[in-house]
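Shared chain: chain A. Partners: chain B in the first complex, chain C in the second.
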Partner chain A sequence: MSLLKRRRPWIARQGIVRLGTANPFPLKTPGMIEWAIFTDRLTRVYRRPRSRRAAVPANEAAKELVALDQVSLSVRPGELFGLLGTNGAGKTTLIKILTTLLAPTSGVARVDGLDVVSQAALIRPRINMVSGGESCGYGILTVRETLWLFSQLYGVSHAEARRRIDHMLEVVSLRDRADTKISHLSTGLRQKVNFCRGFITDPKILFLDEPTVGLDVTAARAIRAFIRDWVRERPDRTLLLTTHYMMEADQLCDRVAIIDRGRVLAVDTPAALKKRVQRYPTFRICLTPGADGWQSLGRVPGVHQHAVTAGPTAIDLKVSLEAEAVIGDVVQQIAGSGARILTLHKVEPTLEDAFIELCGHGLSDTEIGE
Partner chain B sequence: MKGAALFLRAMLARTYPRIIGTVRMPSWLLQETLLPLLSVSAYVFVYRAMNAPEECTGFVLLGGAMAAFWLNVLWSMGAQLYWERDSGNLELYIIAPCSMMAILGGMALGGMLLTLTRAAVILTAGSLLFGVRYHPSSWGMLAVVFLLTMLALYGLGMVFASAFLLWGREAWHTVSLLQEPVYLLSGLNFPVRAVFPPPVAWLASLIPLTVGMDALRQVLFPPSQGSGPSIPYILGLEAELGLLAVLSLAFLFLARYSLGHLERRSREEGRLTVRWQ
Partner chain C sequence: MRQHLRAIRAATWLGWQIESNWTDPWLFFLYLVLKPLCASLLLWCMFVAARSMSAAVPGELLPFLYVGNACFMIVGGVAFGLSWVIISDREHYQMLKYIWISPLPLRSYLIGRALARSLQSAVGVVLTLAGGWLLLPELRSALTWERLDGRWLVAYLAVGVLMLGAVGMILAGAVLNLGRHSMLLSEGIAGLIYLLSGVVFPVEVLPEWLRPLCFFLPTTYWLEGVRRALMGGTTFGRALEGWSHGDLVSALLLSTALLLVVAHAVFRWNEQRAWRQGRVDQTTGV
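Let's look at the complex of A and B:
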C-alpha cells in the first residue's frame, strides 16, 4: 500500500479500485510476464570524435553514429533468443548495454526486471557474457587456474568451482589441457576456455556474442548442443545469442530478432520468419527426360506459377501453389500424361531468405564497422 | 555471497596471477634485483666520493628499495586497467558482481608482495656490500610507518588506475610524465628537506613516497646515532605518521569515488570496451 500511496495517492485514498472501473495506471496486469530481458525504445548514439570524422566518407561523416535506434524487445525467462544481423547492425552494442558495460542514450533496458543503469550492481550476479573470438585471463595461468580465477569473482566455492570446471572442460574436450598455460593454447582453444568461463558461474541470464565464430565444425556442433541442453536443463535460465550464422540461429533459437542498422526489423520464431517469405508453398519435381506432362500444369486450378529447366538427364520443375493440397492434382496431371516422376520434394525457405527479404541484403553484403 | 567475503575472494583471486607469475618466470629476479642494485651502487659511490655522512649510503639503499614500490604503483597499478582493457579482461571484471576495488586491491597486494621481495634483496645485498648498519628506534614503529606508506602509495595507485580508465592511451604518457619528477620530489636518493626550501618540501610531502621515505629514515637512522642531527627532516615523526594516515584514507576514499565516477562516465561515453584507443 505504501508504494500505492506514493505513486497514486488518489487511488489509495479510495481504498481499492472498484470492479468495472478502468485502472488508468495498472502496476501489474494479471498474467503479466516478468521478462528476462526487456527493452523499450532503446537507443544508443556514439559521438564521433572530430579526428575520426575526416577518415570516413563525406556522406558518413556525421557527428553521431546511431548504433541502436528505438529497439524494443522482450525475452521470456527460459527462452533461447537470437539476434541475427550483419557486422555493425547493433548486436554487440545491445549486448553491451544489457550486460551493464554501456549506458543507453535513451530508452529503457531491463534484465531480470532490473534497470541496467540504476541497478547494474544487482544485475551483475545474475548474468555472464561470452564474446566469441576472444580469450580471457593471463597467459601465465593454466586453463584450470584461469577458470578458477573468474569463478572467484562470482563467489563460487572452491569445491563447486572445481566440479563445474571439470564438467565444462569435458564439454569442450579440453580436460587433457587443464594444466596447460593459456599462452600455450591455440586461438581456438583459448576461445573454448572463454566459452567455459561464461558457464562456470551458473548465470541466470547468459549473453553469448558469436560463440562459435572461428571454431572448427566439431567444436561448434558440440557447443551448440551444450547451449541447447543448458537452457532446457532449468526453466529459469535464459540465453541471448548473437550470431550471423543463419543455421545456428535456426537450429538453436526459440525466437529470433532480425536487426539491421540499429533497428529491429522482425521478431518471431525461425519457422514463422521463414513462413513470411513464402506465401505460396513451392515444390520441386524431377521428371524423366522427354516427358511433356508439365506443359499443361498452368491449367491445373490452384497452380500459381511453374518454371521448368530441361536438362539431358532430367526435367526440373518448380511449381508454386495457392494451397499445399493442390500438389495432389499436380501429381495426377503429370502422371496422367505419361511422364514419370523421379523425385518430389517441398522447397522450404531458409532463414537467409527471410533475412534478405527483410533487410534487402544478405549477411555478407554489408560490412559496417561497429 | 556476502559483500566482504566476495571482496576477499575476488582480491585473492586477482592476487594469484601476480604471485604465480613470479614463480613461473624466475628471470624477473635478475632483472628486478641485480640491475637496480647497480644503479644504487652508483649513488653510493658518489656519496662516498663526496665524503657525505654514512647515513647517506643507507638513504640511497632505502631509496632503491622504495623506488621499486613507486614503479610498481605506476606501471602495475596505474596503467594496469588500461592493459586489462586491451586484453579483454576489464569488461569481464566490470560485469562481475565483485567490487572493482577488490580487483585493484588484488593487483596491489600481488604487486606489493612481489616488490617486497625486490626491496628486501636490494636492502640486504646493499647492506652487506656497503656495510650499512641500521639502528631502528622501534621495530613496531618501522612496521607502522612502512604499512601506512604502502597504504597511501597503493591508494594513490588506485586513483591513477581509475583515471587511466578514462584516458586510454594517454595513460602511457602520463606514467612516463610522473615517473622522473616523483623520483626527484620524493628524495629517493637524498633527504628532501636538505635540498629543497620548506614550501617545496611540504608540497612534496603530499606524495606518499616522500613523506613515507622521510619517516622511514627517521626511524632507521634516529638522530642519536652517528651524524643524525645534521640531517633535517620535513616534519616530526608523529606528524609524518599522521600525514601518512590522512593520505591513506584520502587516497583510498578518492580511489573509490573516482572509480565509481569514471566507470559511470566511461559507460556513458562507451570507453570501457573500446580497445586500442
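Let's look at the complex of A and C:
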C-alpha cells in the first residue's frame, strides 16, 4: 500500500490498490454510456535506468520518460477506433495498459467498464491482443497446435476451437499450412498466425497493434476486410487498432486519435480530421501548353491562392478558393482567355496531411525511444 | 474450475512439446538417457579415482552419490526449470505477454509447465537408475525389490513435487523482474542446494557452521527420504541417522508448507512489481 501510495498517489487515494480488490467507485451511473474503452488523464512514466541515461543527449537524459501524458479517450462499443502516431508516441504503452500488461502511473483506464488496476482478472477473458511484426508462437508447435493451445487457455471447447481454427485459417489462406511448424513459416505467414490467435478466442474487445506489418498487399487487404466484417458482425465487438499506415486507418476506422509524444492531439472521424486541414477548397486544373489564361486568375473574386507549374506537355494549375462555388468563375476566366482545360479535379486532403498539420511532422520524421 | 484444469493441461502439453518435440523421437530418447547417465557415470569415475587413491573411501558412497545425483535431476528440472520457462517464454518465444493477458493466471500456467518438467525429469531419473543398475554392481546390490519401500517413495515424491514447485515459483518470480542474465541466479542457487542438501556427500562432511543451513533446506529431508525409500532404511549419511520415515516426512511437510506460503507471497509480490515496472514483455538479450 505504501509503495503504491508513493508511486501512484492518485490511484492510492481512490482506493484502487491491488489486483483482485473491489473497486469502491461505481463504474456507471444511470443514464451514462458504458464505454468499451475509457481513459481519464491516464499517465505512464517510465524510469530510465542510470545506464541508459548516459547513452542519450544531455537534454533528454532525464530520470523519467513520460510515455503517456494525461490521455483521455472514450471508445464506444461496436466502434473501430484507430490510434495514429510515430514510433514511441505512446500507442503501444496505451495498449499495454488497456490489456492489463502494464500498470498506469496515474489516471483511470477502464475496459468494458472494468478497471484495469483492480479488475484485471475480469477484463482478461473479454479481450485479446495482436502485436504485429514479432514472434507469433512456440516455433516447435504447428500452426493448428498453436491456435488450439491459445483456445484452451481461454476455455474454448474442442469442437468450437476446431471450427474457429478452420475458419480463421481459411480467412488468411493458411489452411494448407495448418500442420507446418511455426519455425518453418516466413515472417508474413507468422504474422497471419498471430492475427488468427487474436481472433480465435472471440474477444469482445480486441487490440491490434500494427496488425498488417510484414504482410503482402493481398494478405493485408484480406485482413482489413475481415477486420471490418468482424466488427460489424456483432454490435458489441470493439476494436482498437494502432497503425503506421494512414490509408489503413482511413479505410477502417470509425474514429481516429492522433497521438504524439504521449499526448492525444485530436480525436475525430478520418473525414473530420481531413476537413480540419483544408480551410480552402483546392482544385487542380491541367491546361494545354502555352495557354496564358491563368495569369489573371488572382483578380477573380474568391480566389485565395494559385500556383502554376509549367511543363512541356501541360500547365498544372493549383487553385485554392474561399468558397467551392468560385470554381465556376475560375473556369469561365480560363475558358474566356482561350486556354483549353484538359483535366479538372478537386484535391482532397489525406489523413497524412491532417497528421502533419497536427503534429508538425510526418510519421517517419520522429523516433522517440520508449 | 474445469476450464482452469483444461488450461493447466494445455500448459502441461505445451511444456512436454517444448521439452520433447525438438528432434526425432529416437534422438530425444538418446538425449534423455545419455545426458543424465553420462553425468552420473562421471561421478562413478570420480568415485573410482578417489577409491584408488585412498582405501578410506567406503564402498557405500557410490550408491549414495549415484542415487542422490539422479534424484537431483528432478530438483533441477522443476525448481530451476521454471526460471527458464519465464526466460524462454518472454525473451525467446515472446509469448509471455499473451499468457499474461489470458484468463489463466500465470501461476497456473507455470504449474502446468512444472508438471511437464516433473514428468520429463522423472523419466530421466528412472532411466539413469536403470542404467546405473545395469552397469554398476554396487548399485545392483543397493537397489533391490526387497529394499524398495513403494508407499514412502510415493509420499516423498508427492510432497517433493509440491516443495520443488514452490522453490520454482520463488525463482520464477525473481526472474520475472530480472533480465536473461538472471539464469545465473538460478544456476547459483542450484549449486548451493546441490552442495548443502547432501547430494553427493553426507552433510556431516561440511563445516559445522554450514550444517544448520542444510537442515533448513527441505531438499535435504527429501533426498534422504527418497534414498531410504529406494535403498532400504539405512543410508551412508549419519546426520539424519536417528530419523524415521515419519520424522523425515513431517520435517518435509512442515518446511514445504512454510515454503508454499513464502512462494505465494514472493510470487505475488514479483508479479505486481513486474506489472508496475513493465517487465512482463521485456526482452533483454540478443
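As a convention for this text, the second predicted complex is superposed on the first by the 339 of 370 C-alpha atoms of A that agree within 3 Å, B and C clash if a C-alpha of one lies under 4 Å from a C-alpha of the other, contacts with A are read in each partner's own complex, and residues count from 1 in each chain.
Following the convention adopted for this analysis, contacts are C-beta pairs under 8 Å (C-beta built on N, C-alpha and C of every residue); 3 or more make two chains touch, one makes a residue touch a chain.
Keep in mind the model is a prediction, meaning the values are calculated, not measured.
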| item | value |
| --- | --- |
| Combined model on chain A: chain C and chain B, fit or clash | clash |
| Partner chain in contact with A:124 - chain B first, chain C second, else both or neither | both |
| First, second, both or neither for A:137, with chain B first and chain C second | both |
| Which superposed partner A:153 touches (first chain B, second chain C, both, neither) | both |
| Partner chain(s) touched by A:96 [first = chain B, second = chain C, both, neither] | both |
| Chain B versus chain C as contact partner of A:217, first or second or both or neither | neither |
| Chain C-contacting residues of chain A that also contact chain B | 46-47, 96, 99-103, 121, 124-125, 127-129, 131, 134-135, 137-138, 140-141, 145, 148-150, 152-155, 197 |
| List of chain A residues in touch with chain C within their complex | 7, 18-19, 46-47, 96, 99-103, 121, 124-125, 127-129, 131, 134-135, 137-141, 145, 148-150, 152-155, 197 |
| For the chain A and chain B complex, residues of the former touching the latter | 46-47, 96, 99-103, 121, 124-125, 127-129, 131, 134-138, 140-141, 145, 148-150, 152-155, 181, 197 |
| Touching residues (chain side chain B, partner chain A) in the complex | 1, 5-6, 9-10, 12-14, 16-17, 20-21, 24-25, 88-89, 91-98, 103, 264, 267-270, 272-273 |
| Complex contacts: residues of chain C adjacent to chain A | 3, 6-7, 9-11, 13-14, 17-18, 21-22, 93-95, 97-105, 109, 272, 275-278, 280-281 |
